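What follows is a structure written as structure tokens; I'll ask about it next.
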Amino acid sequence: MRVSLFIPCFVDQLTPRVGMASAQVLKRLGHEVEFRDAQTCCGQPSFNSGHWDVARAAALRALDVFKGAEVVVGPSASCVAMMKKFYPEILAGHPRLQEAQDLAARTFEFGEFLVRKLGITDVGATFAGKATYHDGCHGLRELGLKEEPRQLLRAVKGLTLLESEEAETCCGFGGMFSVKFPMISTAMAQVKCDALVRSGADIIVSSDPSCLLQIGGYLTREGKAIRTLHLSEVLANGS
Amino acid sequence: MKSAQETIMQRIREALRLPAAKPHLKSTAASGTPAKAGRPWLPDGGETPDARLTVLTENLIKLKAQLIRVADMSQASLALAELSRTKQWKRLAYHAHMDTQALIKHVGCETWQADAEFDKQKLESCDAGLTTCEAIVAQTGSIIVSSSTNGGRSLSILPHAHVVIARVDQVMGDLSDAFTFIQQRNSDHMPSMISFITGPSRTGDIERILVLGAHGPKELFLILVG
Amino acid sequence: MSTPRSQFLSDAQVATDDVAQRGFLRQALGGYYVSRDVQKARYRDWEQARDAAAMAKWNAVNRLDRTLTTFATNFERNGGKIHWARDSAEAREIISKICRDAGAKAIIKSKCMTTEEIHLNDALEAEGYGVVESDLGEFIQQLRKEPPFHFVFPCMHLKREAISELFTKHLGTAATDSPEELTMIARRHLRQLYVDADVGISGANFLVAETGQISITENEGNARLTCALPRVHIALAGIEKVIERLDDLAVLLPMLATAGAGQPMTCYNTLYAGPRQPGEPDGPSEFHVVLLDNKRTALLADPEQRDALHCIRCGACLNVCPIFKNIGGFAYGTTYQGPIGSVLTPHLRGLQQWNHLSGASSLCGACTEACPVRIDLHHHLLHNRRNAVLAHVSLFDRLFHGAFGWVIGRPKLFAFGGKVFRATLPLLKKLPLPYLSTWLKSRELPEAPKKSFRDEWKGSQS
């Protein structure tokens, strides 16, 4: 399959390793991977802030960028949810709505693509450690992904998967929410991170780099030595 | 000038000119208006009389209501006398009904027919209220009382304990059965109150800790005959 | 001069700083999660039951003209009196007048958030009536002169010690740390007040159009007593409370109990058809239902968010909301707290003034997942944000999002901007920049990598 990567803007700038790891896993599974460098941001910050005109322009650009792509795969449940669920909503009544719906049907979150589209749960990865999976809200509730990432992690050799309390509780990132209501966002991070620490895991894995920005950022500030990794980084390891 | 009713109704009609989408349903099964709303998806009330009694018994235990199964009315009467003795009731209120009157014969404490001369102050001082019921719902463990046939509004709520006398054939499967029964029985005129009593009065208002007997009866006894 | 927004920000700061209180709230809700899951597991299909509940409300609300008229006609046929109130002031006046006409002195109330919405107690007290809240939580909050903290669990923020002190101060009772004993103190105190009251005021959870009955759900028995002993019964209900058929309650009553409190069924679910009927031994001689609009029709006129009128006030969305659990109920400054409050309040009290509540959400969707009638709660927060922007945008926001949109529309500029950002990040972190410095106050940012993904990708392809 020819996979077109959809790399979130902040992954592009701050955690490029997540994008590289996703590409590596897909290539190893025998797929052709491309990156169309006209892509920038999906427009979610503006969408969430109520500026739907800005988000709509971003959506229309994305339709151009990913025109003709066989499948679009992104290592971020949040940005994928923007494309899959909210592009059709903000383009309701727009002449290009059908195009947006077609793109939505061809777009997958990284783990979703492996398990649901390809039917693969074991990518042959090895990773030594105890991991706990954080359900990002967009992955869990907008895309309905709960078992898929866990199936992938359970198949990783050497990795023990622990469940944490508050696994389904929001980490408090929420995009602009994290800086517009920092006291609430930080309180949520504290509840989340306390539970993650209690789980006994030494690695926190998620399908959402934005959640990891929040969780990792809070844990580092609090001096807690737990690594945060994107699902693709774990799956890219070994073999 | 338009009345408030006219204004509100006009606002409603104008508001409804634009149709709203249906909710995001999991399945289309519920999108019509099935004769029995939601019945196949709710907790089971039991298909047979035996199954219903099993479900009811389990529910009453969880609800902390006390079920007393007896074979006939004379045993029921003994059971009430036993309750009155162990709970040291001084005064029991009841309403006029063949079953309640049969039951109180040997009760051993003062009895008072509350529906003959309604006195709320006196009723408040009663240790227990004895009533019949309209029906019992196995699915939820609910006992249905009405103001017209089960002693009015206060008798089942104001005394400190509530004793219900019922027969096994009054046990129904689920809430839908109960609502059908209520509508058939009162097709011309509804009683002014019908209450589904599901366990003794309770509250969790203090630290979400369960306490029985918030304002209504602290204890609920169901004497089931048959 | 504080605005609702500035007040919210400062109250949220105080509430989130109180780590112990936040832990207490989480602990208090812990038992609810367990019992809710036990009860949900008893449903043969919880998701389809939600569908049925959602459709019962959808049908009633989308035919509100007919359902409401049917209800009013059937209700009056049973001997009660219907009153219509366009707004809070009109509802207060109707209720005052009924009390005046009845020559009332003492009024007992069972829990009713709609009376909080119209500030009924203040109005009645100003006219000299003694008004007593009988629901245990509401009684405690009334003694504290505080509004409910949570619209289903009014005093869940209080520890038993505080309640014991409160009772000692107001009722002269001895100190105790037993929730049971505290409950019995209130029970003993309130019993005589039911007996003495002339008027009982309640809410209504459902108005059944088909039969003209109102349905009241409660656990304590205080509503049963409020509707049994006084000679006049007044029920205040929003117009959206109507349902079409009695049988709809077969779904709605258990769903309300399970979603809201983790119970199979609330202890007392009572249908009232009218005043005392011939042949009945007791009950009020007058029964009034006051139907309140108070901007509900404005929400009805918005088809996108009309489903917010499906709300059965179970409180499930508050119980699962991480915002509510961290800031508590008072910070909202509204009658209805939590996600449903954040959706409703901008409609009821003004979009621009109350839109910050729509913003104060990470949009996690736990509320929507919990809602037994499938209200699209967290998406409505997005809709409120969009509507607020369409009506008015601050200059800062206009510039910020305008610039953002301009940059992300130009990939080369975006890539260049990213390069500059990464190169200067150590310096930027030291500057008092909006958003960035707010983030850094409590969280780190990762070290900026030398190469962006697009640079690395280009390198790996060559």
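Every chain is named by a letter (A, B and C) in the order it is written, and numbering of its residues begins at 1.
Following the convention adopted for this analysis, a contact is a pair of C-beta atoms (placed from the backbone, for glycine too) under 8 Å apart; a residue touches a chain by one contact, two chains touch by 3 or more.
Everything quoted here is computed from the prediction, not taken from an experiment.
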Chain contact graph, described as a line, ring, star, complete graph or other shape: line
Identity of the most central chain, Cα criterion: C
Two chains sharing the most C-beta contacts: B-C
Cα-centroid distance, chain B relative to chain C, in whole angstrom: 28
Rounded Å distance between chain A and chain B, as computed from the means of their C-alpha atoms: 51
Centroid distance [mean C-alpha coordinates] between chain C and chain A, Å: 32
Of all residues in chain B, those that touch chain C in their complex: 3-5, 7-9, 11-16, 18-27, 29-44, 59, 62-63, 95, 114-116, 118, 120-121, 124, 140-142, 147-148, 151-155, 157-158, 174-176, 178-180, 182-183, 189-209, 211, 213-217
In the complex with chain C, residue positions of chain A that touch it: 7, 9, 11-17, 19-20, 23, 35, 37-41, 43, 45-54, 57-58, 61, 137, 140-142, 168-170, 172-191, 213-214, 216-218, 220-221
Chain A partner contacts - residues on chain C that touch it in the complex: 9, 12-13, 16-17, 19, 22, 26, 322-323, 325-327, 359-366, 368-369, 382, 385-390, 393, 397, 401-402, 404-405, 407-411, 414-415, 418, 421-422, 434-436, 438-439, 441-446, 448-449, 451-458, 460
For the chain C and chain B complex, residues of the former touching the latter: 28-29, 31-32, 42-56, 58-59, 62-65, 68-69, 78-79, 83-86, 90, 134-137, 140, 153-156, 158-160, 163, 179-180, 182-184, 186-187, 190-192, 194-195, 211-213, 219-222, 224-225, 227-229, 239, 244-251, 253-254, 261, 264-277, 279-283, 287, 291, 293, 297-298, 300-301, 303-304, 306-307, 310, 373-374, 376
